[in-house]
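My questions will all concern the structure given below.
Chain IDs A, B, C and D follow the sequence of writing; residue 1 opens each chain.
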Amino acid sequence: MKKLINSPQTLLADALRGVAAAHDQLSVDFENRIVFSTAPREGRVALVSGGGSGHEPLHSGFVGAGMLDAACAGEIFTSPTPDQILAAATGVDSGAGVLFVVKNYTGDLLNFEMAAELAREQGIEVASVVVADDVAVEDSTWTAGRRGVGTTLILEKVAGAAAARGWSLEKVQVLAKRIADAGRSMGAALTSCTVPAVGKPSFDLPEDEMELGVGIHGEPGRKRVPVMSAAELSHALVESITTDYDFSGKPVIALLTGLGGTPLIELYAMFAEVSARLNERNITIARSLVGNYVTSLDMRGCSLTLVGADNEILDLWDAPVNTPALRWND
Amino acid sequence: MKKLINSPQTLLADALRGVAAAHDQLSVDFENRIVFSTAPREGRVALVSGGGSGHEPLHSGFVGAGMLDAACAGEIFTSPTPDQILAAATGVDSGAGVLFVVKNYTGDLLNFEMAAELAREQGIEVASVVVADDVAVEDSTWTAGRRGVGTTLILEKVAGAAAARGWSLEKVQVLAKRIADAGRSMGAALTSCTVPAVGKPSFDLPEDEMELGVGIHGEPGRKRVPVMSAAELSHALVESITTDYDFSGKPVIALLTGLGGTPLIELYAMFAEVSARLNERNITIARSLVGNYVTSLDMRGCSLTLVGADNEILDLWDAPVNTPALRWND
Amino acid sequence: MSEALTIDALQQWLHRFAFDITTQADWLTELDSAIGDADHGTNMVRGTAAVVAKLDGGTTGTVQELLKAVGITLVSTVGGASGSLYGTFFLEMARNSPSDVQLNGSELENALHAGVNGVIARGHATVGDKTMIDALEPAITALSQSLADGRQLQGSIAAAAAAATIGRDSTKPLVARKGRASYLGERSAGHIDPGAASAAILVAALAASIGERTA
Amino acid sequence: MSEALTIDALQQWLHRFAFDITTQADWLTELDSAIGDADHGTNMVRGTAAVVAKLDGGTTGTVQELLKAVGITLVSTVGGASGSLYGTFFLEMARNSPSDVQLNGSELENALHAGVNGVIARGHATVGDKTMIDALEPAITALSQSLADGRQLQGSIAAAAAAATIGRDSTKPLVARKGRASYLGERSAGHIDPGAASAAILVAALAASIGERTA
C-alpha cells in the first residue's frame, strides 16, 4: 500500500488538520472530529451531515455558507458516533432546528437515530432525511434497502440554500425528501480501494474486468463484467438509472463523480457519453458537475447521479454557496 | 491498462466533447482543439495557454471570466501545434494583444514561438511568459532549464484578473513575469502514470519506493527513495523549495496539487504537514489551494508550489473568477 | 453459591473479549472485506480497547454501572453498525441488571436476553438475515434451555458459546438481508458474517473467562 | 545522370520513412519512456501518417513545394519538440531547394545542410547534447565528406546513414543537456535518445529508397 499519509491511525486527524489549515471559513473541532461552518446561522435551520471518512470532499468539503453547517467525520468507512453527531447538533442549533442528512447505511442510520434521541432530550428540534439512491441495490423493505451516494451532495446543496433563505425545518425536510426521492445513482469500478488500516485492496480485479454497481466503501459490486468502453459503460449506467425512475419531461441535475483515483480527463470522456445517452432519451441536463466529489478512497471508477428537478430546485441549486468543494455566486 | 475511455485515439476528442457538454460558459472548437471562454474581452488583453493534455483541469479548466480566454489542447503530453495556437490567438484578440502563457518544455516553447511569429505576421500583438518553476531540475543556461508546473495556474489566475481589469499587454506581461519569477515547485510520485497510447506505466516503482522530483509527464524523477511519510515528504519538498528561493517576509500562495490519482484525504494529510513545515520557517500561507489541479494522468503523488506574493497579487488572486475548476466572488 | 458472576468475573469477560478481538481482528476485517467494507476488525479493536481503558481507569460500582459504562464506551468509540448494536447490547443488559455487585444465573440470563432483544429492536434483524443475531439468538436460547434443564451456569454458558459458533457458521451460505452485505445480494452467500463472528467471540469469551475462574 | 533525386524518389523516401517509423514506433516510445514522456513513437506515427496522406492527396509540383508541404504537415500534426524540429528541418530544406522537379547531388547536400542548420537554430542543441542533432549532424558531415571525396550520391547517402546510426548510438552514455531528458540529469545516461533514433531512421530511409531505386 502506497499512500501520502503518516500512518493509518493518524490519517483522519491529519486530514482534519489539513482542512483547518486550508480553509479559513471553517472551524474544526478536533476532539469531536466535526468541521463547522463559520457562516452565520442565527434564527435559521441548520444542516448537519456526516459519515465514514474516505469519501472526500463529501462531507467536510460541503460545509460553508449555503450548504452544510457541520459535518461529522467518522473513521474511514465507519459512521460517526452519536456523541459526535450530538456535539454537532448542539453546536449549530440556534433554535430553529437541525436537519440531519443521512446516507442509508445501517451504521449511519443507527448512530444518527441515537444522536437524534439525545438531541431531542436536550430540547433540540431534529428532523432527518435519508438518501437511498443507488439503483445497483435492489429495493426491498426486507433488507437494508439502497445505499446513499451522489444524491447526498445535491440534496445538501439545495436544502442548504433553502435553510439559508430561512425556510422552516418542516419545509426544508419536505424539500430534502423530495430530492432524495427524485435521485438515482449507479457506479462502476476499475479497481478496488485500499483501506489504510487494512493495507491491501478490498477486492482483486483482473486487468480485463470491472465491477458494475459498486458502492463507495470498497464493497464488491453486483456484477463482475469485462472492462467496458466509456460508451458501453455510459449505456449501462444510464439504462439502469432511467429504467428505475422516469426522468422524462423534467430538467435533471447530473453528477458524474470519480471514485477518488480517476483523472478528470477520463471523467470528461465519460461525461461526453453520458450526455449523449441522455440526449438520445430526450432527458435534458439542466445543471451538471463532473469531478471527484463523492469518492471511495483511491478507487478508480465513476458513479453517475441524476436528480429530477424543477424550477424551484434549480433556483436553489444556483443560489450562492461558499464551501471548499462547491462555490458560486457568492 | 484500465481507463474510462473509448480508445486512446479518441480520448482527447471525447474529453473535449465532455467539457463542452458540462460547461455552458465555454465554447469548444473541436477541429482546432481549443476551449474558448465566452466572457466578453472587447478592448482588453486576452490570455492564451495550452500544452499537452493529461494535466486536467490545466488548462481547459481555467478558461473563463477572470482567467484564460482560450486553452489549446495538445495530444496527451504533447504540446499543441502552432496552427492551433494561432487559431486561438486570432480567436481571442480584440486589438489589445494576447499573452501566451507557456510552460518551459522545448516542445511548448518552439510551438508557441512559431505561433507567435505567425500571429505577428497577421498583425496581432503577442507577448509571452514562460513558467519554469520546478526546483527538482537544476537551473542552467546550458540545458532546457526547469520544467513549468504549478506556478502556471497561479499565474493564469493573477494575470487573468489583471487583464480583466484592463491592464495593458506590457503591464500584464511584467506582472506575469513577476509571478513566474517568484514561483517554485517540487513533486513526488508514488506510482507512474500510464499513457493511454502506450498502455503500460511509463516507469515501474517497487511497492516500497517513491520518485522524488518528478514532473507531470511520467518522466522519472531525480531520485528514487524509500516511501516517506507525509511528514518526511513535506520536509523534503519544503526544504528544496525554500532553499531555492527566499520566501521569508512575504505572504505566499500555496498550491498542493495531486497528480491525478491522489485522493483528497491524502492531500489534506499532506497539506497539514506542509503548513506545519512552513510555520516552522515563519512563512505565512496567505492563500491556498488543495486538490488535483495540475495533474499527470492517473499518477499518484503530489506537487507543492509556493509563489511569493504581495498585496497587489493577493488582491488580483481574490478578484472574481468563473472557470470550471476555480470559481469565486463571481 | 459459586453460580453468581461477580464484577470481577464480568471484567475478566470483557478483558478476554478485548484480547480475543485483537488477536482475531485481521480475520474479522477479512470477513468484512469479502462482503462489507473491511473495517469490522478495526472497529471492534478500537471499541474493546476503549472498554479496557475504561475498566482499567477504575471505579467499578454495581453491575449495572459497569455494563452501562461498557455500552456507552462502545457507542462512542466504535461507530458503524456494530458500535450502535454492541453498545445497545450492553446498555440493555445494564438496564436489566440488578444494582448489585454480582449477577446470579437467572439474572445473567435475563440481562443477556434483554441485550439480544435490544439489538433486535434497534437493527430489526431476525435469524437468517446473516447478522450478529444469527450467533446471539441461538446462544441465548441455548443458555435458557440449559438453565431450564437444570444445568449449572458454567456448562450452560459453554452451551451458549457452542451455539453461537454454530450460529456463526450458519451464516456462511446465507444471502444477507441486513447490513452492508445485503447490498451484494446473491454474492453475499459463501462468506461468514463478520458481526456473527465477533458475536461468537463475545460469547466464547464469557465461557472462557468463567471456565478459567471456576477451574 | 542518375545522380539526381526526382520528386518520385523524394516521395519514396517519405513513404519509406513513414513505414519504418510505424514499424519501430513502439521502440521509439519505449526509448522516450525511459528518459522522456513516452510519446515520441506516437508523435512520429501521427506526423508521418499525415505526410503520407498529404502525398497521396496528389498535386506534387516542385521539390520546394513538396518539401514545404511535408514541413507544414509535420508542424501542424506532430506537436511537441519533434514536430517543430522535424517541421523546421523540411521547411528549411524547402527554402533551400530549387523550384524544380528534381535535386542533384549538391542540391540535396545543400538542402539537407540547411535542414540540419534550421533544427540547430530552433533548438540550440549541439552535438553531445543527446538530441536528434547527434544523428543529423554526423550524417550531413559524412555526406559532404563523401561527395567531396568524389563518391556517388547513393554511396554517400549510405555513408550518411551509417554515420547517423553511429551518432544515434553515441547518445547512449550521454547526459542530456537539451529536451525533456535533460530534466533527469545524470539519470538520462544509459539510454539512446528517441529523437536521435528517429533521425537515424529518417536518413536510413533516404538511403534505402535510393538503394531500391537504383538497384
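Everything below uses one rule, namely that a residue touches a chain if its C-beta (ideal position, glycine included) is under 8 Å from a C-beta of that chain, and two chains touch if they have at least 3 such contacts.
Just so it is clear, the structure is predicted and the values come from calculations on it, not from any experiment.
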item	value
Neighbouring chains shared between subunit A and subunit C, ordered by label	none
Between subunit B and subunit A, distance of the C-alpha-averaged centres to the nearest whole Å	29
Between subunit B and subunit C, centroid-to-centroid distance (C-alpha), Å	55
Inter-centroid spacing, subunit D versus subunit C (mean Cα positions, whole Å)	76
Overlap residues in subunit D, where contacts from two or more other chains coincide	none
Chain-level touch network, classified as line, ring, star, complete or other	line
Complex contacts: residues of subunit C adjacent to subunit A	29, 33-39, 42-43, 46, 75-85, 122-123, 176-180, 182-185, 187
Subunit D partner contacts - residues on subunit B that touch it in the complex	52, 74-84, 105-107, 110-111, 114, 134, 136-138, 142-144, 147, 195, 197-198, 202-203, 215, 217-220, 222
Touch list for subunit B against partner subunit A, complex	1-7, 11, 14-22, 53-54, 56-57, 61, 190-191, 207, 210, 227, 229-231, 233, 260-273, 275, 285, 288, 290, 292, 295, 297-298, 300-302, 322, 327-330
